[in-house]
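Okay, handing you the structure first.
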Amino acid sequence: MFHWLEKHPFFFSVGVFLVIAFAGLVEILPSFAQASRPVIGTKPYSILETTGRQIYIKNSCNACHSQLIRPFKSETDRYGHYSLSGEYAYDRPFLWGSKRTGPDLMRVGNYRTTDWHESHMKDPSGVVPGSVMPAYRWMYSNIADIPTAYAEQLTNAQFFSVPYNEPIPMKDGTTEVVKMANNVTDAHAMALAEAKEIAVDMKDQNVKDAVARGEIPEIVALIAYLNSLK
Amino acid sequence: MNKLYLWGIIITAIMLGATYYTIFLTKGGLNGDIVNMLAIAGAISLVIITVFVVIKYVRQMQSDTAQGQLADEQWDGIGEYLNDLPMGWAIAFLLTMIWGMWYFTIGYPVNAYSQIGEYNEDSAAHNAKFESKYADITGDRLIDMGKSVFLAECKVCHGLNADGIDGKAADLNVRMEANVVKFAIENGSNNHLLGSEMPMPDRNGLFNSNTGALITDAEIDVVSKYVANGMSGAGADVFVGTCAACHGEDGKGMEYVAPSVATFSPELVTNILNHGKKGSIGQMPAFDRLNAKQKEAVGAYVTDLSK
Amino acid sequence: MENRPLEYDYTVTKMFMFTTIALGIVGMLIGVILAFQLAYPGLNLMLGEGLAEYTNFSRLRPLHTDAVIFGFTLSGIFATWYYVGQRVLKVSMAESKLLMFLGKLHFWLYIITVVAVVISLFAGVTTSKEYAEFEWPIDIAIVVVWVLFGMSIFGLIGIRREKSLYISVWYYIATFLGIAMLYLFNNMEIPTIMASAPDGSHVGGNWWHSISMYAGTNDALVQWWYGHNAVAFGFTVPIVAMIYYFLPKESGQAIYSYKLSLLSFWGLMFLYLWAGGHHLLYSTVPDWMQTMGSIFSVILILPSWGSAINMLLTMKGEWQQVAASPLIKFMILASTFYMFSTLEGPIQAIKSVNAIAHFTDWIVGHVHDGVLGWVGFMIMAALFHMAPRVFKREIYSKSLMTSQFWIQTLGVVLYFTSMWIAGITQGMMWRAHDEFGNLAYSFIDTVTVLHPYYTIRGVGGLLYLVGFFMFAYNIYKTMSARPVEESELQSASPMGA
């Protein structure tokens, strides 16, 4: 049979294709629906958090940082509760990473704060001697791209039914609503309102001035995202 | 002995040496951790198997000769022998396939294993092992334990020497710096330092009973320095007149009324770890993932630092 | 002596040989820079504060992986296909104007795509998925390039004289089909310009931006089904295609066993796809899928080793050739490193071992055993074999080749031993608890301890890069040397006498 296949390229190719496609069907399809259901307390990203997430991706922070806490005592001691599938329900793309040159960030919002991130992103080894993380100084002057983040929110809502403007059940039994704007102007205003809350806790005068002028430096959005990781 | 085997042994020895060195680079060595042991075993067998299997075939290059029946076909001059499968390879392939099927159907069938279940068992065992040890340590041992927590969790903000890294976080070698006190007086304080909601009023609520008026800028400056100096120097009168009602004359605080501003105590630190703290320096996060004993221990360590 | 009925046309081969070398230099140079940035973070500012956005580790890392995978390796695959394909199918590209045109179009579209990729990655346009960083407009270009590659393969097969397909061709076909299927599914994404504001106003934003069709755990599952098999169908299958042609051809030996080739091929095809779960051990994908990943990885050792053993046995009794020819040395060592990394991978795929290895430099070590020792060596060997035949000149210097071999071998050894120590050390330190049951190390302790190994790895990488420059120089001198008489070449070994 194999000799025959080797003389008939078409059937040979079909054979190869079937053999390799089979595994994908069996391994991937069964869990698809189940894995994507959010757990209680998981909220979609706000406009500024979405912007920050895009900045995280733009700079490939995932090259050094994971966002996946494995169920080992040593990891839960270091980073907090192990990850649950439903916590990633609104993560497109997922950001688990595959290398921990730096620590996991899945719940970094629980144990680091705005002012710390501000000093750290500007000069990591000044805060943590021996750190090999690059300094991200341009983020303090580059202005964040709100329209693209807004378009991403809209895509999430319209194609994947992500529940913006809807009550979301929280762990304490209450509900919360993550608002999404009606147009890009409002989206910018909402982002600015979030940015102001963060800028209060920051010290960099240029950043504070920019926010006061109505501009949002990238660092502010990035910190909003990092603080949301809980 | 054949030169090849000598090389094989040298390479293996180097890699074993590297692995041995790796184990001793970490404090606890293998630490009785089965995962550590399996990883090391895997690493070692990787080198040994590869080196000696390759040597086996290189030996055949050196001493054997090619033989067998050639197939009729040729491709760009390349022929193929019709030799049988190497026996060792074929058997190993068959065995791994059988093992795989056994593993998945009989050995550890679907749903027989849960990684979360395994985690729960592991952490229960860990807690049981250390809880008994924790329970009654006090004094220096408690401080040592606190130091171990501090070095793993706190030094990224407070620095290796707990000096707050140039004002980025609180300097824990002293109870408080003057600007922190000043900030609390001017803005009040609402950080659950007593463990419950018990705010301190801001300057508009602080009367100096000596003068019968609201506290003044000059008084704030002098009393801040007084507190930061460890309750000494000028300003004792302002403190007694304004603050002692809540914080006590010696500044050591009163239960349910106000915390000590003269000394740290494990309870105070525990409250800070439970609720976080936002002040003039910045924001200190809460630490939910430490257990009660760890908080007490690091509290003892911090208290000891500023003595 | 075979008589040559045909004049093979190597125009397209030459073009891709050129990009193999150029993109190899670019990719490996960036690799060396990355390595030293981890050892000396000051190098993130190597071109000054103003350009730090473009020269820092995180912006450059995807450029390294994509330059070596989609630049160096893929060019090598294309170059060898356009060479090997003609010869084992016994037809010349010159016989079909259409195929010649498609081949050239394939090359030029590839070049355009490479330029677009470089610009976009420098600009930070990425979807974050490893080895699938590109946004949808580039995905479309890649699909077109791939379709052209497929048309070349099947076009040439369509007009072949040799009825039966040689082993290498099986592997090239599998490469084409595998990547096509995987790439399409992993790049299902929705461009965000497709959404509209509720009040109908204009949204704006970057037109090239998109988000993945899959979320969270599902996205991870598809990504690593892809990622694992991008390795399989990019770093394994086509490289096996190369060694099945170039080793017997260079040594003049017949393949040791057809049966072994056959079983290894179909075994590899069947097993490879199942193993992807080993990238997701202890993650939030279901336990049974992780177990499958581990089991299939272990079984996978055998079909992988099958090909390697077949190659080693092909050289049975030919030790004098191995000793005399640096080209054959490259291929024998490539087989050895292939065996090493295909045993290392399965060991790392065992759950308990992965508990330590995952997220550490031991994985990076495993990656580079494979890519430097196996992929890199094999592609360079292929180019060394093709160069005299394509340019019709003798190889410029055999002794340069020998020194290159030893320098690069030392480089690979330094790379993997240092990452071995670094990875296992870090993995064990992360897990360690002290006498009080508290974590024994803060994260930064596990970073600073690696400094010496990061430096050694950098030196190893630098040696490999130096060797690659020697390779490039050797090929360049070969190209530009005095042409040799056709008849001379026929009888001379490619190495010169």
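For clarity, chains are labelled A, B and C in written order, and residue numbers in each chain start from 1.
Operating definition for what follows: a contact is a pair of C-beta atoms (placed from the backbone, for glycine too) under 8 Å apart; a residue touches a chain by one contact, two chains touch by 3 or more.
Since the structure is predicted, the reported quantities are computational estimates derived from the model, not experimental observations.
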{"item": "Graph class of chain-chain contacts, one of line, ring, star, complete, other", "value": "complete"}
{"item": "Of B-C and A-B, pair with higher C-beta contact tally", "value": "B-C"}
{"item": "Distance from the mean Cα position of chain C to that of chain A, given in whole angstrom", "value": "29"}
{"item": "Computed distance of Cα centres, chain B from chain A, in Å", "value": "23"}
{"item": "Gap in Å, rounded to a whole number, between the CA centres of chain C and chain B", "value": "37"}
{"item": "Per-residue multi-chain contacts in chain A, two or more chains", "value": "71-73, 77-78, 128-129"}
{"item": "Touching two or more other chains - residues of chain C", "value": "164, 282, 292, 355, 431-433, 438-439, 443-444"}
{"item": "Residues of chain B touching at least two other chains", "value": "115, 126, 152, 156"}
{"item": "Chain C residues touching chain B - in the complex, by the definition given at the top", "value": "2, 87-88, 90, 162, 164, 166, 245, 248-249, 253-261, 263, 267, 282, 287-288, 290-292, 295-296, 298-299, 301-303, 305-306, 309, 312-319, 322, 336, 339-340, 343-344, 347-348, 350, 352-353, 355-357, 417, 420-421, 424-425, 427-429, 431-434, 436-444, 449"}
{"item": "In the complex with chain C, residue positions of chain B that touch it", "value": "14-15, 18-19, 21-23, 25-28, 31, 33-36, 38-40, 42-43, 45-46, 49-50, 53-54, 57-58, 60-66, 68, 70-71, 73, 75-86, 89, 92-93, 96-97, 99-100, 103-104, 108, 110-111, 113-115, 126-127, 129-130, 133-134, 144-145, 148-149, 151-153, 155-156, 294, 297"}
{"item": "Interfacial residue positions of chain A with respect to chain C in the complex", "value": "2-3, 6-7, 9, 12-13, 16-17, 19-24, 27-28, 31-32, 35-36, 57-64, 66, 68, 70-75, 77-78, 83-103, 125, 128-138, 142, 145, 147-152, 154-160, 182-185"}
{"item": "Chain A contact footprint on chain B (complex, rising order)", "value": "115-116, 118-119, 122-123, 126, 152, 156-157, 160, 165, 168-169, 281-289"}
{"item": "Chain A-facing residues of chain C, complex", "value": "37-38, 41, 44-45, 49, 52-53, 56-59, 61-62, 124-130, 154, 157, 163-165, 170, 173-174, 177-178, 181, 185, 190, 192-199, 201-206, 209, 211-212, 214-223, 225, 262, 266, 269-270, 272-274, 276-277, 279, 282-286, 289, 292, 355, 358-360, 363-364, 430-433, 438-439, 443-444, 447-448, 454"}
